[in-house]
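In the two complexes below, chain A is the common chain; its partner is chain B in one and chain C in the other.
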Partner chain A sequence: MTINQSGWRPARPLEGDAEPATFTGNRALMLEEPLIFEIGSGATTGVDFDAPALPAGGLGGLLRTAPIGLPGLSEPETVRHYTRLSRQNYAIDLGLFPLGSCTMKHNPRLNERVARMPGFADLHPLTPVDACQGALAVIDQLAHWLVTLTGMHSVAMSPKAGAHGELCGILAIRAALDARGEGARKTILVPESAHGTNPATAAFAGYAVEDIPATPDGRVDTAALIARLGPDVAAVMITNPNTCGLFERDMKTISDAVHAAGAFVYCDGANFNAIVGRVRPGDLGVDAMHINLHKTFSTPHGGGGPGSGPVVFSAALSPYAPLPFVEKTADGFRLVEEETAGEHHAGSFGRMTAFHGQMGMFTRALTYILSHGADGLRQVAEDAVLNANYVLRSLQDVLDAPFAAAGPCMHEAIFSDAGLAEGVSTIDVAKALIDEGFHPMTMYFPLVVHGAMLIEPTETESKAGLDQFIGALRSVAERAKAGDPGLKTAPHHAPRRRLDETLAARRPVLVWKEPVAAAAAAE
Partner chain B sequence: MRYLPLTSDDRTAMLAAIGAGSIDDLFADVPEAARLSGPIPGLPLHASEMAVERHMAALARQNMAAGDGPFFLGCGAYRHHVPASVDHLIQRGEFLTAYTPYQPEIAQGTLQMMFEFQSQVARLLGCDVANASMYDGSTACWEAIAMARRVTRRGKAILSSGLHPHYVSVAKTMARFTGDVLETAAPALGPDPDFAALLDAIDDDTSCVVVQYPDILGRVGDLSELAAAAHAKKALLVAVVTEPVALGLLKAPGEMGADIVVGEGQSLGVGLQFGGPYAGLFACSEKLVRQMPGRLCGETVDAEGRRGFVLTLSTREQHIRREKATSNICTSSVLCALAMSIHMTLLGEKGLRDLAAINHAAAVDAAARLAKVPGIELVTDRFFNEFTIRLPQEARPVVRALAGRGILAGVSLGRLYPDEPGLANGLVVAVTETTPAADVDALAEALQEVLA
Partner chain C sequence: MSRYFTEDHEWIDVDGDIGTVGITEYAQGQLGDIVFVETPDEGRALAKGDDAAVVESVKAASDVYSPVSGTVIEGNAALADKPELVNEDAEGEGWFFKLTLSDPAELEGLMDEAKYAEFVSKL
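And now, the complex of A and B:
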C-alpha cells in the first residue's frame, strides 16, 4: 500500500478550461475540506470531562500506552468539517434522485422526530420485557401492516437490510426442505436480470446458482424456467416488479409450477413500492419476500445504510422463521427468544442478529405507514407508477426504450444506449446529468439491457420537477446522439471531475497515513 | 396526502400525455385476480402528522428509557453521553438522505467520511485497515469466521465461552448452513477468561479462535499468547469488541496480534435504539484485505489531479462478483458509522482516553460498593466498565423486581443463558460516565432490600 499524499494540490486545468485557479482551491460555496487527520490533533477535544481518576492498578500490562493516533477537533471545527463535507453530497433533500431499483423517495421528518423520542432512542435492547411493552407494540403493529399489505402469513422482523432479508428467506427455505428430508435439492434458479445480492445469497446458503434467461420483452422466460424445474431445484428467486420495471405477468403460473415441483418461490421485494396497496404478493404464490423499509417505507438511506429488511412468509415457511419475534398474549406482548422457542417454534432456523432488528427503522416505517394509511399507500403505488410512465413516454422518442412498445412500465422506466453516437456511452449521459443538477439514474443494470439506464422517479416528485428532469435528460440525450465531446469530460461543475477508479483499486489507499516527510521529521 | 405532490389535475394531464385512460390501465399487466379494487379493508386510513405523533408518543411512553432512572444494562449495548452536535450533523439532509456513493463526483462528503471512519476504526482497533461498516457486531463476527475459513481453507472455528451468546447464536445459525464446525461452551462464573481452554483447543484444523475483549462477563486478559498459539498452527485470531470505549484505556486487540478485529460501534455516537440500527466494525491486517467483506472506500485522484475518494476493491462484492462474492452484504450502516466517526472526532485521543478512564473508575467504585451488600460476591476482578456479581439467589426475578421500582439493575445471565443453571445467579452490571454515584447507591440499597 502506498503512503497517501495529503493536502491540496494545485489544479491541473484540462485543455480549454479557462477558469482561473483560486488560492484556496475553493470555488465560492464549493469548499475544499482536508481530512480530520490533517487538521486535528490528539490533544484537542470537543468534549469536556471532569479530570479522570488515574486507572486502578489491576489492569497492569493491559493499559494502552502507545499513541492511538485519533485526531480531535473542537465542537465548532467539528460542526464545520462535517457541514462542509455534507455539501459535497447530492441527496434526495436536494432534488430528484432517480436511481432505479433504489426507491429514493422523500424521507418525512416526523419519522426522525418519532425515532428520537427517548422511549425509543434511549431504550436498551435487554430491558426487561415488562418495561418495553411500547417497543414490542411498535414491532407488532408494523408486523401486522406488513403481513396484511403483502397477504402473507407471518413476518420475521430482525433482518438488518435487504440482502440480510434474502438470506433469511433462503435459510427458511433450506430449513423447510431439510425438515422434509429434501436436502438433496441443491440448485436455486435466478433470472439474469436479478440484483447481484440474489446469487450471492444463494451461494452463501450453499446452493448452486443457475441463470434463467429473459424473454425479449424483458420478463422471465416462463417456459425455460418451468422446463428447468426438477427434483434438484430448491427455489426460484424472482424480483417482481422486475428490474426492467415490468410486472412479471406469469408470476402465479410460475409459483404454481414451482410448488408442483416441490420447490419454493422467493420474491425480491426491492420494488414493492410499485404495487403496495394494489397487489398482495401472497396472492401470487410467493413463499418468502423481503421488504426494504429503506425503500418502500421511506426510512432514510443515510449514504449506504442502515437498512431494514423484514421478511414475510407463507404458511409453509412460517414454522422455520428466525428468532426472536414478538407475540401478543392476554398479558401483553412477549418476546419469543431461544429460551421459549422450543414450546411452539421448534422449527426456527435460529438467530440472524443480536437483539431485535432495526428498531430505529421500525419506528420510522410505522410512522410513515400510519401517516399514509391504507388509502395513502395505494396512492403511493399509483403515483410512483404514473410518474415512471410519464418519464418513459416523455423520452421514448429520444432514447431507446426497449420494452416501451409492449405496454406500460411499473415504478421505473428503462432505456438502453442504442442510438447514442459512436464513442458515447451510458456513463457519459449519467455524468452530464450531474452537471444538470440531478443524480444520475442506475447505470448498466440490469445486465439484460445494453448500457441500461434505469430511472425510478418515485411518487414524491411533482409534475414540474419531472418536467425539468425530462427536459434535462432530453437535452443530454440529444447531445449524446450528436456525439458532443463535452459529455466525455462531464461532470464539469461537480466538486470533483471523474475519479480514477482503476488507480484506487490498483494501489489501494484505504486508511490515512502520515506523509513520509512529516513522519521522518517527527522522528 | 402531505407527502404526495401530484394534484388530481396533474394526474389527469399526465395520463393524457401518456395516452392511458386511467391509472388502472397502467396496472394492466397484473392478472385480474390479483388486483385489489380499493384500500385493503380493516386497515386505518391516512392520518395527520399530529395524530400519528400522538399515537407513537403514547407507545414510547410505555417503555422505561435509560434516562428514566438508575440504569446498569450493558452486555453488547452501552449507554454513553452523545454530544448534541453528533445528532445535529447526521440529520444534515445531504448525509441523511443520500444513497450509497455510486456517483463519487457528487458523493465526496460520504466517501471522505467513510475514509476517515476506516482510518479511525483501524487505529482504534489496532489494525492496518478497516471497512466502511457492517450491519452490527454480531453479523461482523460471523463474517470474520467466514473470512477466516476463506483465508485458511479450514472449517473449524473455536469460539470463546466469553463471546456474547447472541453472537454465538448467529454464528451457529450460519454455520448450520455453511457447514462450518464451531466449538462453543457456556462461560464459567469465575474471574478469569477461558484462554487456557482455548489454547488447548487450537489444532491443525482450526481456522480461527474467536475471543471477546472485554468478554460477556466483563473480563479482560492479554490476547498475545492466544495470538501466538493460533499463528503457530497457522490459524487466525479473531477478536470481538462490543464496547469500543474500552480501547481508550486497554491495549487494542490488533496490538496484541489479532488478525481480524470486529466489533460493535454502537457505544460511540449511535445510541441504544432497542438494538438497532448499530454499526458493525471490521478491521484486519493489510495482507487479508482482498478477503474482506463489505464496502471499502479508497483514495484516488480526479481528472484534474485533485484528491478524491471512491468505493474500491469492489471485485470482492456481490454487485460485481454475484455468486462468487466474499459476502452478500450490500447496504451496511453508513449513517451509524458517521455518528461514530463524528463522536470520535469530538473526543479525539485525549477525550477518548479521559472517557475510558472515567468509565473504568466509576465501574471500579460501583463494584466495590455492590460487593459490600450482604450476600453479593464480585466475580470479575479485571474489567473495564462492566463486571459480574453473584447474587445469593437467581438474578432474573431480582432484575424484574427492581425494574418495578424504576431501577434497571443489569443483565441477568439467566436471560442470556436460560439453559445454564450454574449461571442463574449472575448479574452483569455496566457503569459508564452517565451513571451518578447516587444511582449506584440506589441500586445497592434496592438490592439489599430485595435480597434480605
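And now, the complex of A and C:
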C-alpha cells in the first residue's frame, strides 16, 4: 500500500460558481438531492401486491376515490434518498460539535451494544415484574449511582428529558408547598444566568416568573436574589454551572437563605457533566435537580435518540416524588405504583409518564457509568473543564472573552462579538466555520453576552482535535476583525450557500404542493 | 405632539391622552430581521412596565414593555403580515399599539430624544 507521506492533497474547487456545470447538478461525490415527492411517482411501488379482492360495497363510503398522495419509490431509491441527505448533514460521528449548552459528546459504542441486548431491547413495558427483574435491577442500580453522585435522597427516573425533569421538580415543590398549606406562594425567581427553559417551566406550572439580574462577571446577583425572597416566593431555579459556563460559587449561601425564607431550591443540572465526581449538589442545599442522561452520561440526543431526565430530590421533597419507582425487597425488585404505593408514598403528586422512563437510555447511561467507574467519571468532568479552558485561553487574544478575567470557566467557553469589524457579526463567524468543516457554536445565547458565541468542546476531543478547531476559529476571527467581505456570504463550500433565515421565518413553506402543471398532466 | 423614550428602547408619541408605542430604531437594529410581532388586544389594561407585546427576530424573542399605564385602543394589525415594517420604519409605520393614558404624569420619568440619544451612545 502506498502511503502519501508528502501531505499533498488535491486542490478543492474554491467556488462552485467558477466551475463548469454538470448535467446532473452533482459535483462528483457531492450529490444533489430533490425532495422525496419530486423523485417519487404514484406509478411506482416498493412492493408488488395483487389487487385486493374487495367485496362490492364492503367499505361503503370509505372507499378511497382519489390518489393517496404519497411518493412511490422502490427500496433502493428510498435508501439512496436518505443516505444522500445524511451526507449533507453533520454529526458528532463526523467531527467536533462545539454547541454550548447542548453538550454533544461521543456516544460510546459499548453503550449501544448493551442497549441492543434482546433481554433489554425487546422488553414490553407491561411485562410482569417477575419476568423483568434484570431490567428493574438496571433501573435500581442506575438510580443508586445518580443518588450517590449527587448526594441527594431519592430519584424519579421517569422524566423523559431536561425540561420534563424541570417540570417534575417544580410539581414536587408545588405538592410540598400545598401539603404545608402554603399554596399561596406563587412566584419563582429565575436568574438571568439560568437556562431558557427554566422560566418556561415555572410559567407552565402556573407560577409568576421574576428575573434576577446577573453580575458583570456572569454570575447570579446573590444580594439581589436574597433581597427578593419573601412569603410569596415558592422556589428559586438556578442553573449550576450556569449558561455563562461559570460555577455559581454562592450556591450554599443562596440555598440557606432560600430555605430560611420557606422556599425550595431547584437546580438545573443540565451542566452536571462539568462537576460530576467533584461536587455533590446535595451538599449545596439543592432540593431538586434534573440530570440529562443524554448529556452527562453520553446517551445520544439531538435527533440521535430520545432524551432522559431523571430528577433527584432532597429528603424534604422525596415524599412528593412521582410514581412509579423501583423498590428492592427481600424477594427481588418490585414496582411501586398507585395500587402498591400505600401510605408510605401517599404524598406523590402523580405521574410524569405512563411507564418507567427511557429504558434504552438507562442501559446506555449505566454502561457509561460502570465502564468509567467513579474515578473515570471524575476525570470526565476534569477533562471537559480542561478542554473548555484550553479553548478559552487559546482564543482570548483574538476574540473578546467577557468573563475570562474572572477566572477559569467550567465546561464551556464564551466569547462576545466585541472587536469584530463594523458590519461583521456573530452569525458570519458561525457560517464561516461551516466552510472549515465544523458545526457552528451556539450563537446569541446566553442573552447577557452581546453577540454571544458559546463553545462546549466536551471531554470527547483530543488536544490535536481541539488545536485544529482553534486554528479554524482563529483564522475566521482574524478575517472577521479585518472585515473580510467574504464572511458575509459564507458558507461557500457547503451544499447550500447562506440560507435566507428571515424569509424562512416570515414565510415558512412547510407543505409540499404538487406543481400545477404536473397535477394537470396527471389528470 | 411629543415623543418620549424608555431605557428599554420603547418610544411613545403622546397626543392629548392618546399614546402610540413602538420600539426604537436602535432596538430594531440590535434585534436584526424581525419575523413576528404580537400586539396587545384592544381593551387590555396595562400598568407602566407591564409586558405589552412580543417581538421576535431571527436572533431572539423580546418582550416590549408599556412605557406608561393605560388601556389599549388598538394593536398595529399591519404587523401581523408585515413584521418587516418594524425594520423599515421602527419609529413610524412600525408602531406596535395605541393606548389611552391613565396617568400622564408618568411621562415625566421618561427621556426626550436628546437624552435617549445620549443614553444609547453610552451602550
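The rule we apply is simple: the second predicted complex is superposed on the first by the 464 of 523 C-alpha atoms of A that agree within 3 Å, B and C clash if a C-alpha of one lies under 4 Å from a C-alpha of the other, contacts with A are read in each partner's own complex, and residues count from 1 in each chain.
Convention: contacts are C-beta pairs under 8 Å (C-beta built on N, C-alpha and C of every residue); 3 or more make two chains touch, one makes a residue touch a chain.
As the structure is a prediction and not an experimental result, all values here were calculated from the model.
Novice: Contacts for A:I434 in the overlay, against chain B (first) and chain C (second): which applies, first, second, both or neither?
Specialist: A:I434 sits against chain B, while chain C stays out of touch.
Novice: Between chain B (first) and chain C (second), which, if any, makes contact with A:A354: first, second, both or neither?
Specialist: Touch partner of A:A354: chain B, not chain C.
Novice: If we overlay the two complexes on their shared chain A, which of chain B and chain C does A:H492 touch? Say first, second, both or neither.
Specialist: neither
Novice: A:E501 contacts which: chain B (first), chain C (second), both, neither?
Specialist: Once the two structures are laid over each other on A, A:E501 reaches both partners.
Novice: Classify the contacts of A:H259 with the two partner chains as first (chain B alone), second (chain C alone), both, or neither.
Specialist: Neither: A:H259 stays clear of chain B and chain C.
Novice: Taking the superposition as given, does A:Y444 touch the first partner, chain B, the second, chain C, both, or neither?
Specialist: Second partner only, chain C.
Novice: Identify the residues of chain A that lie in both the chain B contact region and the chain C contact region.
Specialist: The answer is residues 501, 505 of chain A.
Novice: Please give the residue numbers of chain C that touch chain A in the complex, ascending.
Specialist: 33, 35-36, 56, 58-60, 83-84
Novice: What residues of chain A sit close enough to touch chain C in their complex?
Specialist: Residues 427, 443-444, 447, 501-502, 505-506 of chain A touch chain C in their complex.
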